[in-house]
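Listed below are the structures to be examined.
Both complexes below contain subunit A, partnered by subunit B and then by subunit C.
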Partner chain A sequence: MPLLFAALALIALVGAAGVLLSRNPVYSALSLLLNFVAFAVMYVMLSAQFLGVVQIIVYAGAIVVLFLFVVMLIGGNLPALGRGRRAYVRAAGVILAALFLLALLFGLARPLPNGLAAVGAPDGGSVQALGLALYVDHIVPFELASILLLTAMLGGIVLARRYQAPPKD
Partner chain B sequence: MTSADYLPILILILIAAPFAGIAILLPSVLGPKNPNRMKQEAIESGMIPFADARRRFPVQYYMVAVLFIIFDIEVIFLFPWAVSLNQLKIFGLIEMGVFLGILLIGYLYVWKKGAFEWE
Partner chain C sequence: MSLPTLDFSLILPELVVLITALLVLIADLLWPRAASRGREQAPAVLALAGLILAGLLTLLAGEWSGATLQGMLVADALARYLNLVVLLAAALGLLLSWSYLPHFSTQRSEYYALYLLAVAGMLFLGKSIELITLFVSLEILSIALYVLTGFHRGQLAGGEAALKYFLLGAFSSGFLLYGAALFYAATGATRLADIAAQNAGGFYMLAGLALFLVGLGFKLAVAPFHMWAPDAYQGAPTPVTAFMSVGTKAAALVALFRVVQAAGSVPVGVWATALAFLSLLTMTLGNLAALRQSSLKRMLAYSSIAHAGYLLVGVVAGTAAGFDAVLFYLFAYAFMNIGAFAIASLLERPGFYAVQDAGIHAADGLFGRRPWLAVAMAMFMLSLAGIPPLAGFFGKLYLFAAAVESGWAWLAVAGVLNSVISAYYYLRVVVGMFMAEPSASAHLRLPLPASATLAVALTALGTLLFGLLATPWFQGISR
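On to the complex of A and B.
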């Protein structure tokens, strides 16, 4: 198991480095895909099987597709992307990364909050356990999620669809 | 299902990934190469390209991506439901009916708005 974890961590790091180092944004998105898949396998190893599946379907599927669409929309051929990067942009990047690391360490140092017992239970991350928790104990949030998705659907239509003026007569 | 049950999938990946890699690399090493200008077109014997493919695309395509993500999230909700439907029984069926009913309203709205049609 430690060997498998080390291999996956290496793959994830290679993917993450590819995201940062590729000049072509499409290659960045594909490197991100490698990173996501490595993480999905790690989630399954940590017996969070549902999270692993979500990682594949939503992140490796939908999110990477969204990134690629954004690359398409802004134009994939951006020679100016790497050039003319100013010093304060780099400084801001370093500061933000340091802050993120600090937040991460702070979160890791603290004990787990209450209410996570169900997650820590053996097989708590399996799809079946999650299904029973979601559809029996948390039925109201589940139904509310459908309204959230409905809002997102309508919002997408309103934002991206060309407005058509009503015909004059 | 425990994590150990997923081992066959990992073994499948470990076998399939080198297989795909070899299938891509080997022809480029062994195959004959006689390039000419026609062969190097993006789509040989297809439409003649009129511009660089890496240009800005119309925002219409984004609509497709957004709708895909929303229906993708729906599938994520359906997945644990389908797995635990045996325990949920008829209650689970009604519950998911309400969930999908609300989303069906959105689907019909999107359809009526003509978002699935290409302008």
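On to the complex of A and C.
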């Protein structure tokens, strides 16, 4: 198991590095795909099957494809990308990343807050457990979320339609 | 495993509003072909019928004794009064929309469906006693209102208002969600009752509550989180402004009340002091800014911010009497504020509604042209300023009395001083109406739309009756 984990972590890191280092945005997107898939396998190893499946379908499937669409639309070969960027922008990026790393390490070093003790329970991330939580325990907010989606859809339609002024009478 | 048994009778009014919203969407198709005349108003008729039915169900059916739907939604007395305030505000705003909407949009079904969805979101928010439900309800009402704010798409100000409201609103939802996550981290529970039972203290609860205050403060337009409100209130169609300035405040206040009660482990002094300073800042800032406005609608928007400050006083008091006072004030506020916006919407129309902003002098000389409108407007202004014997006076009286009783005398004094400041800009409108020469408001000779006239009459009647019969009403709420 540790060996498998190490291999996956290495693959994920290679993917992440590829995103940053590729000159060609298409390669960056494909490296991101590698990273996502490695993480999906890790989620399954941690017995969070549902999260693993969602990772593949939503992130690896939909989002990377969306990235690729955008890259193709604006042209795959963009030599200007990443060049001509000022030094302080890079410095700010490095500093922010370092701060984020520190925050993560700090969070991992401390014991989990009381409320999160149950999160790592065995089988807590299985499809069955999730289904029960979603359709039995939390059925009310789940149904409300469908109303929320209806509202958002209706709003989108209203705003996207061409405006038609009413006839003056 | 057993499937959950859900007692839907607890959320009957909300279901009625939701089903009406769905029917309104297809109202054009449902209306009989032969009656082509009434067809244009079919969505409005349906929506109003749904709101009235929901109001009747709130009054007549159900126990409202605190039974819960899986610990997620509760039907208690608080939710019942909130239902009544929101449905009242919604019905009055709908009467205003009736004649207003056809002048700027042809998308009637969509307008009324979104309007009803916003109402449903508010009703659910008032019943939420669980963090996820609370958040989803808040988003339903927010998203519907973002779109309604920008509904007049022939006008740049509407788009700008909607965009500002949307961006800041989405930002504030993030705060609220983060607060909810910290509550969960501290207690491992999302139901407010479980969170209260855990009695967990410490940094996570404190930080979570602070983030909740910020998130709900945005929705309430509490200073310093009020920056979106003047633009959104000014740019939105006036009936929408009238409705959301009352409905959103009412629902968010109930949610705030429930959350601070659940975070019992955080010392009362901490959150009450924070809220007291927010309240002080809000009313002072709102009133001082309202003094300097040149647009009637924008002045009312700042006045609405100031009133959010007054309402917070009742939450700061932290007692049952304090929140009863908030509920009473919300009823009074629904009448007087929607009434004021109703008159503002009538003053906006040169010829017919061109939906242009009414300047601060738009009401000048109104008494000579439309004496009854001027008298009604004077009542709303005096009531908003808190002058007896109108509803606004008793609302403030109960709020400040509750604050003094629980030891917040300085806040009550600040509230009274603020009312004095506010009297200046409210009375300026009244003086203009009765003393000044009429502005170029020849359009006021046109016949008034019947629905808007009805709305003005109802709000004026409510402002007067809630003042004259304040004591029995307040006792009815406290019971």
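The working rule: the second predicted complex is superposed on the first by the 139 of 169 C-alpha atoms of A that agree within 3 Å, B and C clash if a C-alpha of one lies under 4 Å from a C-alpha of the other, contacts with A are read in each partner's own complex, and residues count from 1 in each chain.
The working rule: a residue touches a chain if its C-beta (ideal position, glycine included) is under 8 Å from a C-beta of that chain, and two chains touch if they have at least 3 such contacts.
Not measured: the values here are computed from a predicted model.
Asks: Can A:Ala145 be said to touch subunit B (first), subunit C (second), both, or neither?
Replies: Touch partners of A:Ala145: subunit B and subunit C.
Asks: Who does A:Tyr88 touch here: subunit B (first), subunit C (second), both, or neither?
Replies: Neither subunit B nor subunit C is touched by A:Tyr88.
Asks: One more residue to check, A:Leu154. First (subunit B), second (subunit C), both or neither?
Replies: In the superposition, A:Leu154 contacts both subunit B and subunit C.
Asks: In the overlay, answer first, second, both or neither for which of subunit B and subunit C A:Val136 touches.
Replies: both
Asks: In the superposed arrangement, does subunit B or subunit C reach more residues of subunit A?
Replies: Greater contact footprint in residues on subunit A: B.
Asks: Once the structures are superposed on A, label A:Phe106 by its partner contacts, choosing first (subunit B), second (subunit C), both or neither.
Replies: In the superposed model, A:Phe106 contacts neither subunit B nor subunit C.
Asks: Which residues of subunit A are in contact with subunit B in one complex and with subunit C in the other?
Replies: 132, 136, 139, 145, 147, 150, 152, 154, 157, 161
Asks: Mind pulling up the subunit A residues that touch subunit B in the complex?
Replies: 4, 41, 44-47, 49-50, 52-54, 57-58, 61-63, 65-66, 69-70, 72-77, 123, 126-128, 130-132, 134-136, 139, 142-143, 145-147, 149-150, 152-154, 156-157, 160-162
Asks: Show me the residue ranges of subunit A that touch subunit C in the complex, using the header's touch definition.
Replies: Touching subunit C from subunit A are residues 113-118, 132, 136-141, 144-145, 147-148, 150-152, 154-155, 157-159, 161, 163-166, 168-169.
Asks: Mind pulling up the subunit B residues that touch subunit A in the complex?
Replies: Touching subunit A from subunit B are residues 1-3, 6, 10, 52, 54-57, 59-70, 72-77, 79-81, 83-84, 87-88, 92, 95-96, 98-100, 102-103, 105-107, 109-110, 113, 115, 119.
Asks: Quick one: which bits of subunit C touch subunit A in the complex? Just the residue numbers, please.
Replies: 1, 3-4, 6, 18, 25, 69-70, 72-73, 102-107, 110, 113-114, 117, 120-121, 124, 130, 132-133, 136-137, 139-140, 143-144, 146-147, 150-151, 153-154, 183-189, 200, 204, 352
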